[in-house]
């Protein structure tokens, strides 16, 4: 399951709560270039969703402040709340396509994306997926593209590092029984075996479980030298805590969603040494990112939840603006079909917070992977791969 | 995998984690026995107790014991409201079981939505850390949480059974459970018995949620999953038998955790439902030992006015 | 416009679900709350038959309907043999167990859900046509239930609800009547599920959990139990009022819980102050037996 909280996962009322917040222009004027954004503004994933939406809104405002897309024409983003619920996601996609006739919309959360895919494909509207990491996302259809690297990118890089730089040969995998867990665990296992290692244990757990003793003991019995956890963000601290308490002191790794200050806060000293992946450059790498993080501290008094994801959401309006610019230059009508053509023609974008992004014909992107490790209570970058 | 150290670890940790399950089950079974309601609203009391403790510790920075006290207060208040305004009214109107079910379910949801409103839906624990010191006892990792948990559960159950068996009020409650009209004729205030049962149940689940929430993360809907376990255990133990329910809870917990030795871990969640199905079809009156069955048959009174008479 | 049509489709599907649910809990007085489970079975069965076996949806849908009806017997028969209360627990367990099962099976798409379900006919059906189909189905279902309850069979069901012992004495086998009612209602729910699957083309296991049961309960209670129009009003309300609430401009993070609070409060208020619901029916909620329904064993 992609979402954690059952209450709104299937909202009691399958109605749609649409908080339409069109971002008007500040300094730009003229017929706007419009696109949609369907993300969870409320509901269980709102913690991440609302920060991502804010990042995108900042980007649109910044673009318009700098003169808009082209000829002073502003960028206009229609924000719709999906509550990370597939059925509401369908409603919102319908609105984007049939009520607003927009050529492209940005979306995330694997279950929502899967539900929206047929609508995007049937209506020839481009769906830009930012943040869902299941490899299936790239195969959802002609009009579904991801601008965020899928699980195979970061996990393969992680495996490479573990095998070559850290000499790990026996890996155990613990994963949650949902889309993200199953797919991610499969990628890790395949990559590890391919590079020459052995998978000594592969255990799954139910996403409602709170006691992982059995699975952990099975892992312990298999005697691994590294353990990979493909879990939900909320499970991971518990799993690591129980692992340490049951005497497993091996290196623990996990994936990009776990790269969060909350993880260290929840575990304290037990978080030391854990390695996770990150798919966006951090403040130390890039002055733009540093400025971005400083802006969060100034305006919100805190770092964003899921910083790398917000970086990608900040960059996406820039990508969209670039494509609109290309379409305008070629005199194309603002249809989804044309957007897609123009997007693939441009295919390489220099984006402010995540650097160069190349959209591949396989509907995905490949980006550098940053490996982060908890050292002395803080995340420290230990390697850049790819 | 079947070596002794692994088995003993699983057994120990299962035993420790069934502590809260036993408390939830005993509470559910008690209210079912005395108040004669399938009290799904217990989930609401559990949620309220947890979030009170959480707010006290993490937001008001009170010490653990104060948080526990506050949680007890809140759960007592909520239990009282449910009994005095809910169950009493349903009883007076001779409402059907369905009506009672809807009522309790809605209460549980109401509390869950309120908690979501006030505290958000991300998972939280009562204390900032889930970490407890570990001692190795003969190769088995014993966490600093385990012993207090088991101790609390045993303590609560002992007090409960002592109360029911020896205290006058406890015996009154049992009398009301048996036959409220007759008990009323003997001068027992049935209203007080019902209220007391709810209060005791509220206290039990507060202890249970305090234990649970100091070890695992909770969100507003967590109690629904925990309740299901209590319901299954109550049925397995036999409706009307709190002791049976408690034993069933322990057994079910052990089976569920130990099952990892034989079945793939992803099916552990499904196991509870499979057990429920077996229980309903083969043991609807609970898993009974031969001697108890004989005793029960011997003392069986005239058939009561239930729908089990047909078929 | 399509947006409204999609809303109409959802309303129509919920009318079907609420009416058939009312058949079980209202008319028959049976505490089976697993209605969404049969909605799920219908959706998954039709989806899988069309997707994996290549059956045309127009064939898959009726088959899925029958499957849903048949599977209800698995639950109702063993439980009813014991007592009505066990039906409640059994149905709850069945519903949640089914979700677990679907999550763990590969061919059903697991917890990620079943996607790319083929549309009703090749080349897809316009939302207008689909809305028409759903609304006509809803009208037929409502009419059907009304006819049945006014027939001899319906009278037997009502008699059974009111006084089981007397009904049994009249020579009708109570268990089979109940099983049939549940099967009928479940089949209808399965039909709704199949309709859903071939329009939205994506189903996940969590769509059918206890919150859906609560939603259906809300529709029936607030709308009016055992009435023709009650479930219709209930379905309409529950689908459209959330839309109106969004215009209150509440901060988004309280919007979801606020909607939930509104509806649970509504149900509670109706239960206690207007038990017959918005559309008044007969004496709504009085059970046939006093609260001695639980066979309490002396311990």
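Structure notes:
In order of appearance the chains are A, B and C, and numbering begins at 1 in each one.
We take it that a contact is a pair of C-beta atoms (placed from the backbone, for glycine too) under 8 Å apart; a residue touches a chain by one contact, two chains touch by 3 or more.
Please read all numbers here as calculations on a predicted model, not as lab measurements.
For subunit B, the chain with the farthest CA centroid is A. The interface with the largest number of contacting C-beta pairs joins chains B-C.
If you average the CA atoms of subunit A and of subunit B, the two centres end up 39 Å from each other.
In terms of their C-alpha centroids, the spacing between subunit B and subunit C amounts to 29 Å. Subunit A and subunit C have CA centres that are 36 Å apart. Multi-chain contact residues, meaning those touching two or more other chains, occur in subunit B at positions 109, 112-113, 116, 120, 224, 266, 269.
Contact with two or more other chains is made by residues 100, 104, 214, 253-254, 256-257, 260 of subunit C.
Annotation for subunit A: residues 6-8, 12, 43, 46, 177, 206 touch two or more other chains.
Note for the complex: subunit C touches subunit B at residues 25, 29, 31, 33, 78-86, 88-90, 92-94, 96-97, 100-101, 104, 164-165, 168, 174-175, 210, 214, 217, 221, 253-254, 256-258, 260-261, 264-265, 267-268, 271-272, 285-299.
By the touch rule above, subunit C contacts subunit A in their complex via residues 1-3, 6-7, 10, 14, 100, 103-104, 110-113, 115-116, 124, 127, 200-202, 204, 206-209, 211-212, 214-215, 218, 238-243, 245-246, 252-257, 259-260, 263.
Against subunit B, in their complex, subunit A makes its touches with residues 4-8, 12, 43-44, 46-47, 177, 203-206, 208-211, 213-215, 217-218, 220-221, 234-235, 237-238, 241, 244-247, 265-268, 270. Subunit A contributes residues 1-2, 6-19, 41-43, 46, 50, 81, 83, 86-87, 90-91, 94-95, 97-99, 110-111, 114-115, 117-118, 122, 134, 136, 140, 177-179, 182, 206-207 to its touches with subunit C in the complex.
Every residue of subunit B that touches subunit C in the complex is listed here, in rising order: 32-33, 36, 38, 89, 91, 93-99, 101-103, 105-107, 109-110, 112-114, 116-117, 120, 177-178, 224, 228, 231-232, 235, 238-244, 266-267, 269-270, 273-274, 276-277, 280-281, 284-286, 296, 299, 304-311.
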